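Heads up: the structure comes next, in structure tokens.
Chain lettering (A, B, C, D and E) follows the sequence in which the chains are written, and residue indices restart at 1 in each chain.
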Amino acid sequence: MTDYLLSIITFLPLAGVVALILVGRANESTLKWTAFIFALATFVVSLALPFGFDSAAGYQFVTDRPWIEAFNLGVRYHVGVDGLSLWLVMLTTLLVPVALISSWNSIHKYQREFLISMLALETGMIGVFIALDLFLFYLFWEVMLVPMYFLIGVWGGERRIYAAIKFVIYTVVGSLLMLAGIIAVYYLHGNATGNFTFDIPTITQAVQAGGLRIDPRTQSWLFWAFGLAFLIKVPLFPFHTWLPDAHVEAPTAGSVILAGVLLKMGTYGLMRFNLPLFPDASREWATLISTLAVIGIIYGALVAMVQPDMKKLVAYSSVSHLGFVVLGIFSFTDQGMQGALYQMLNHGVSTGALFIIVGMIYDRRHTRLIKEFGGLASVMPVYSALFLIVTLSSIALPLLNGFVGEFLILIGTFTSNVLPYSKTFTAFAATGMILSAVYMLWMYQRVIFGETHNPENQKLADLNGREKLALAPIVVLVFVMGIYPNLFLARSDRTIKNLSERFNTVVAATKTGNEPMQASTEKR
Amino acid sequence: MDKIGINYHSILPELITSTVAIVIMMVDAASRKIERRIAGAISLVGLAAAAAAVVSLWGRNGETSFNRMIVTDDFRLFFALIFLVVAILIVLISLRWVKEEDLPTGEYFALLLFATTGMLFMSAANDLVMIFLGLEITSISTYVLCGYRKSDLRSNESAVKYFILGSFSTAFLLYGIAFIYGATYSQAMKTATTNLQDIAARISSGQLFSEPMLLAGAAMMLVGFGFKVATAPFHIWSPDVYEGAPTPITAFLSTGSKAAAFAAFLRVFVLTFAATAVAKGTGVMGSLQAVTTNALIVMAILTMTIGNLVAIVQTNVKRMLAYSSIAHAGYALVGMIAGDWRSVAFYLLSYVIINIGAFAIVEVIARRGDTRTEISDYAGIGFKSIGLATALSLFLLSLAGIPLTAGFMAKFLVFKQAWIAGSTANNSMLHVLVVIGVINSAISWYYYLRIVVAMFFAEPAQEFKAPAVARSLAAGLILAILGTLYLGIMPGRVLDALESAGAKTAAMQKK
Amino acid sequence: MEQTLFIIFAVIAVASALNILIQRNPLYSALSLIVTLASLSALYLTLHAQFIAAIQVVVYAGAIMVLFVFVIMLLNEPKDVPHIEKHKWLRYLAIPFAGLLIAEMFYALPLDKQIAFPSIPAEQADTAVGTTWNIGTALFTDYLLPFEVTSVLILMAVVGAMVLARREGD
Amino acid sequence: MVPLSWYLGLSALLFTIGAVGVFIKRNAITIFLCIELMLNAANLALVALSGFFGDVGGQLFVFIVMTVAAAEAAVGLAIVISVFRNRESLNVDDVDTLKL
Amino acid sequence: MLAAIILAPLAGALILGLFGKRMGERAIGFIACSTVAVSAVLSFYVFFANREALEAGTKIHEYLFTWISVGQFRADAALLLDSLSGIYILFVTFVGFWIHVFATGYMHGDTGYYRFFAYLNLFMFAMLTLVLGDNFLLMFVGWEGVGLCSYLLIGYYFLRDYANDAAKKAFIVNRIGDFGFALGVMLLFSQAHTIFYFSDPARGTQGAFNWAMTQLADPFTASAIFAGGLTTIGILLFIGATGKSAQIPLFVWLPDAMAGPTPVSALIHAATMVTAGVYMVSRASSIFIHAPMAMMIIAIIGAATALFAATIGLAQWDIKKVLAYSTISQLGYMFLACGVGAFAAGIFHVFTHAFFKALLFLGSGSVIVGLHHEQDMRRMGGLKKFMPVTFATMLVGWLAISGVPLLSGFFSKDEILFRTFTTAGLPDAWPKILWIVGAITALLTAVYMTRLMVLTFWGSERFSESHAAHHDTRHSDESHQSVTPHGVGPNEHEHHAGPPRESPRSMTVPLVVLAIGAVFAGYLGVPEGLSGGKIPNYFERILEPSIAHPQDAHSGSPIRQIIGEPAAHEKAASAANAAPAAEDEGHGTEIMLTVISVIIAFLGIGIGWSWFNRKPLWQPPRLLEDKYYVDEIYNAAIVQPIKVGSTNLLWKIIDVGIIDGAVNGAAYLASRIGNAMRYMQLGLARGYVALVVLGALLIIGYFIMK
């Protein structure tokens, strides 16, 4: 059972797609329930993962079958989770049903196709996180684009076509270069070890153990081939301009998934591939990337501040938040990377919730312009309260989830021995804390506080049971993750340590003996 | 008699197809009243039989026959299967079409089968004569097919342009052959040759009459083949011809005749001249390899880039697909430059299936007289005709190279082989080539998605009634979809077969 | 002597080939081509390729060119349509292109390679490669398959030409 | 004896004339004629080489080229006829609706 | 036990937040007050049960669970009781309780009653967490938590835009401070590898302060500020303190924070939260004593703030604004104390200030309610006969803050001035300069407080005069808070509905209790000099073990080697060497200084009394009334440039213009190229032939040339 657990989780939504196709053009409610049940079932099944997870072990719930062997391809169906991917899988399985509930009544056309897209997307997303074969990873990575593309393009807003195409092209440009990178890594590994394979653990192991040594120049190329794909997805400044458009145009559920999960794929990729496979290049480029990350943090926040559209504001805030994540990753410290991982989850939860919240009000008023609102506290108290909690979580208030991640990132970056100018970076990044308060609270104030001047706002209904249900798990998570983060951190501890060790021991080695990277890896 | 190696089994597929073509015409002539569909049925049976014949030939390692005019190796058989797949699919998607358009049925299928025969000869050829003949059979029959809708000015124009340019390039090819023939004259043996194995032997041993002549001949053959596979700058004919030709014929041209041209191209340039990045010859061999590889790299880059960039600005779906198929020829060339015919074969197999699928839907949507082929005609049809639209989206995305479909596997394999070839040959131009290919792939997403956008995202511009899909065409579509997915998800068996085929060819080459 | 012959026929061939280009009436062009083909046939004879020379006249100049002339007469393009030369630039390209092409060919051709024509004693003239005997033998042995395949080609061409050329409704 | 190079030179000359003719002549039939000329140039080269080499292959090739040329001519003229029916013109420059 | 202290108010907050909407006012009030009462009782119990241990300097740790643990970094949810936190929880819960009681009356009839108390309870939770946390991160939790509650409570009247603005401003300005705090903590961690205060053998954790005490003191140079050592840590932490405790330059939020209900101002913006900065600095005294430069900066900033705010306080018309500036000023005092190394004196002032300032705020609240939400002192006057209890209790507060002898404020202020005068930590004339600043501030304090009392309780009864008579448009919008369309403001009385009247019992009782506190709180820490050592300075003694003293320098701790090194730091050294002498003659000096400050107090009261009795509505200088235009300057120099820059430069030009422009430009370029290449395809067959020939020429040429 556990052998196939991950596959079940991954393909259960796909089964839902099949079910939806079989159900045919039944009435909408049947369709929605069908989809929801499959999504929920996926989540329930996936609950087995954290419980069965052994914090001390590496990859778990592994399924490893040969798939395409011809041409030395050595492609395998190799899936598994480790500390890095465990929670991201959980995040995905959680957010999809939540997104479905949140847009239960928001979709007015082609309901069935919408649900199909959502479920297909879920399979793709889970697949990305669990794939332990570069080929398989790439496959999920690309396939997932399609449903997202449809979600934006069909059910999106006014400029949906532009946004959808921009999203896809941006992503594809990055990911195809990654494909070239994947091939190169495959060749380098095969050439060095005689074992032609796309297997991630094998290749990572080879790099770690010195079986595969890539010269720094090549590493740099490959680092960017992979990195560009991920950094676009993250998105790191200045590759971020697809994000506001995509977010604004996507339907609520799409935005939730986009912000909640898709962006994490970029940062996940950096941690899964760039750091372990190209350690020298990672260190070499860390300064540049951290600079961009810090620019992104500040820039995203400043631009978010002046957005008239709520969704756009949240979108730019994502740029800022993800900047933190990238910064944390390139600190190469336990704290920084744990924080980054944690911040990914936080951002998924909080920003997902923000999009749901914006979506709720959009469903009522069909506008997202901040100036259209004001004084909602009087008419929608529950909404306002939940909005406040999410806002606070987003601005990293202690005891709420955002804080833990952000602080760990900052402290990790601050104490980094590997990243140059780490203290300066931290200082600038920490201004993000201030700015996030500025833009979030300002928006909150303009939307929620004050008097209800606009007559259209005066008769708005407060949240109904379904909407509360959509936000409930998120709010609970906001608190749980803020108050007892060790529940989560403990499970990723070992994985992160393995990753950071590599950099920090190298630093130690270079510091003591001025040994070049290669030599020190060889010794180990 | 055995001296010349008469072996009818070895040309059984070709015999079957040509015979069936004749039978069809006879039947057609004899029975005007019989349902015209019968011609299609006969051709299907014939093609299936030919396929069986191909399979029956499997395992004959480079056996030659008919005075070494024909070689039966896996290369030939694999390509033969590709052609037969193309032919079968084309027959399926045009069964209804021929009837609807009220065109001469018997001749149509006969010509298709003749063309297929020519293609089969091209892959089976072991002699420039046979290549030339096969090429001409294919070309001439497709000239006719392009102009098949005589009353349609576009069809006429297509035929005229194809004919002029096609025969012009044939002249170049022929002149190139003449040069090669001259260049291979061996003082010692007192003979010149058009036999590919002999040519290879003479080039590698350096027993040549004239080296510049060889190079010029190769260059002219490159022009000829480049024209047939539509690589830049010889792609120029294809958008016009593809757009004007009746849709099933466009499908046939962009898949079958392109694949056949590739077969001949590979046979001559890779398997004979070994003019690839990986092979490292010295002397004449070396210089031939070097110049050809460089030329091919430039051509591949141009082809991909022009194909994709110009496709972006097209408004006609057929024309866009025409440019797309130019781009695909470029990708296939990448595999060819890598010196790996197997990856090209796989690429072409995937590509023909996907592309015919796409054209089948274009054909259905275009309706009678090829009237609705503008992108605006596709606006908003997505949810009204969801099956067709989804299938078309699948094909287009597959052409763009989305994983889990044949298009991705094919591209992946080609790029991978090219990358590795570049690494082993220490030729970073190949890496550049791969990167350019990859960027081009990204560009291509834009125009493929434009159709998807039109179908699903845009509001319908006009009344659209879901077209009826004939059963035969549906069968063809399903086959194409299955093929696309099968090659994308479970390519293992095909790849295995190819791999062993490649090994054998390589071994044979060494002999 | 042979050189003189060669020069004569070559000049005729080239001149009439040029005439094809010079003539505006396709009929005259066709006739010029026939002259070229005929002079080529003569040159074939100087190469002891009797068979080819024969069918050059019979098939080419005879059959094929007759077909051309026939079609030209048949279509009889209306003359009164004033022709505005639309794409003059192509003409200007002709000179450099032709020059370059010639130059390249001459560079590539083994013009310096001297090779003696196999001298065949008069009594053994029928053993020369170009004899009908030799050609025929080869055609039905070594070149059996191509020969047979040409029949497919011809058949196909007939079918195709018929389909295209016949009037609708036939 | 006439040297081989003369024949080849003549052949190249004729080929070039043909090639140029294809793109400077506007009449479809004249263009075909030019193509025929190119084929003949190739034939001349083949026959000459074959003759000088004493190798029959070239001449057999020429034989086949002739058949091909015949087939090509037949089909080409048929195409011209069918176009002419619709357009009443043999000028290939008029056939330019498909472009860009 | 300690956990119960912080959890009780949390429980109250949760209950009220989740179910309060359906409860009556009495139930809400009961829950709110009782949970705080539980905390208070427990605090007292815990403190006195462990009194001896605390006096002995024992650190009582209470480990709950490990909150965050990554690599070396570990932050526990664990509580620490020592004398410092002990004293804090005592007065926080005590004052807090009475303010809760007061609020039940003050907020009577408000539609958001439950919400208010939920926030207030939540605040208590956060404040106690801040105080009791045993590591910097937990302090940060409380630190931000109180900031949040402050935000919620300032913006409590969310229909009013200025309240919302004030709330947001408070939060953001605090965040700026937190930025420094967080960086300080990180820097500390990067050096000490721990963020716990003290080592706890039970958990095997190391303490940052234990580490700090093993360090050499930083040199007394400006470059130490940026050196990344203890001085930098200190400065960064102090930046945090300037935010929370409203010091220059981050004080701007506190006056605006008066937009919140008055009990909030009393509890959060006077008695407890704003003193968190002082708490933090005192808590980290082991770091600061090794950072002489940081100490000096604190002292200077504190003194400057004290004087600066006092001058502004002199010119305000809004009764609460006067108190707000007074608070800022007093906080400046506290930092002055910390800066000169008199941490205990600072805390002592926090302690006494909590009583009298809470008293004054509540008194003003009582006045405001009595006048049906009138805050402008120009429309008060002569209230002493209408509101006797309020008047009497505020009288106590006034005298206490003015520094009238034998009241609490006198002792604490006096101690600070004395310690400033005699400090060994500052070079040159700095002690004297700071002392003079402090003394002037004391004078001004007496003056403006007297002004407040005179305008409110004495003189003519201006409250019944017509609205327009003294209408000062510049302040009217801020003064007329109660006019709200939906009656969410406190009480739904009409404006100026009737004559002023005394407040209900629920409000007067707390006033009385706090007044008693304001009188007697000072006796816990009578400066030794004053009593000639007869009354022990109990306050200082119990704090002693929790605070690192600069005097440690004498007992051979490393700091002496730095400051005491004449060659390296002559000026600091001379000051340090003077310290022992000061101790000998301390008592004499202290008495002399005390006399001076008594004179100052009476002088101030006298000036105020005589001046404002004559001219109650004297127009103060505009510069002062307009608070030196600091808000305007900040707005013009920082806020507007950022807003405009973000909109126009970052968003419209860089994002949409350049980056997106580049992206779209690339797409456009591709399609342009595509379009250009289309023109190869002219549809002209002959042209195609020519192109083929060209291609052939190139290829053949290349092949044969090679």
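As a convention for this text, contacts are C-beta pairs under 8 Å (C-beta built on N, C-alpha and C of every residue); 3 or more make two chains touch, one makes a residue touch a chain.
In this text the structure is predicted, and so the values were computed from the model without any measurement.
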Contact-graph separation of subunit A and subunit B, given in steps at minimum: 1
Dominant interface by contact count, named by its two chains: C-D
Label of the chain whose CA centroid is most distant from the centroid of subunit D: E
Chain centre separation (subunit C, subunit E; CA means) in Å: 103
Intercentroid distance (Cα basis), subunit E paired with subunit B, Å: 78
Whole-Å separation of chain centres (CA-atom averages), subunit B against subunit C: 30
Mean-CA-position distance for subunit D and subunit A (Å): 64
Interface hub residues of subunit E, defined as touching at least two other chains: 667, 678, 681, 683-687, 689-690, 693-694, 696, 700, 704
Subunit A: positions in contact with at least two other chains: 169
Residues of subunit C whose C-beta touches two or more other chains: 87, 90, 93, 97, 101, 104-105, 107-110, 113, 115, 142-143, 146, 150, 153, 156-157, 160-164
Chain contact topology (line, ring, star, complete or other): other
Chains grouped in pairs wherever the two touch, ordered by label: A-B, A-E, B-C, B-D, B-E, C-D, C-E, D-E
Residues on subunit B engaged by subunit C in the complex (per definition of touch): 3-4, 6, 11, 18, 21-22, 25, 66-67, 69-70, 104, 107, 110-111, 114, 117, 121, 127, 129-130, 133-134, 136-137, 140-141, 143-144, 147-148, 150-151, 159, 179, 182, 209-210, 212-213, 215-216
Interfacial residue positions of subunit E with respect to subunit C in the complex: 684, 686-687, 690, 693-694, 696-697, 700-701, 704
Subunit D to subunit B touching residues, read off their complex: 8, 11, 15, 18-19, 22, 28, 31-32, 35, 38-39, 41-42, 45-46, 49-50, 53-55, 57-58, 60-61, 64-65, 68, 71-72, 75-76, 78-80, 82-83, 85-87, 92, 95-99
Contacting residues of subunit C [partner subunit D, same complex]: 2-3, 6, 10, 13-14, 17-18, 20-21, 23, 26, 29-30, 33, 36-37, 40, 43-44, 46-49, 51-52, 55-56, 59-60, 63-64, 67-68, 71-72, 74-75, 77-78, 81, 83, 86-87, 90-91, 93-94, 97-98, 101-102, 105-106, 109-118, 129-130, 134-135, 138-139, 142-143, 146-147, 150, 153-154, 156-158, 160-165, 167
Subunit D residues within the subunit C interface of the complex: 1-10, 12-21, 23-27, 29-30, 32-34, 36-37, 40, 43-44, 47-48, 50-57, 59-60, 62-64, 66-75, 77-82, 84-85, 88-91, 93
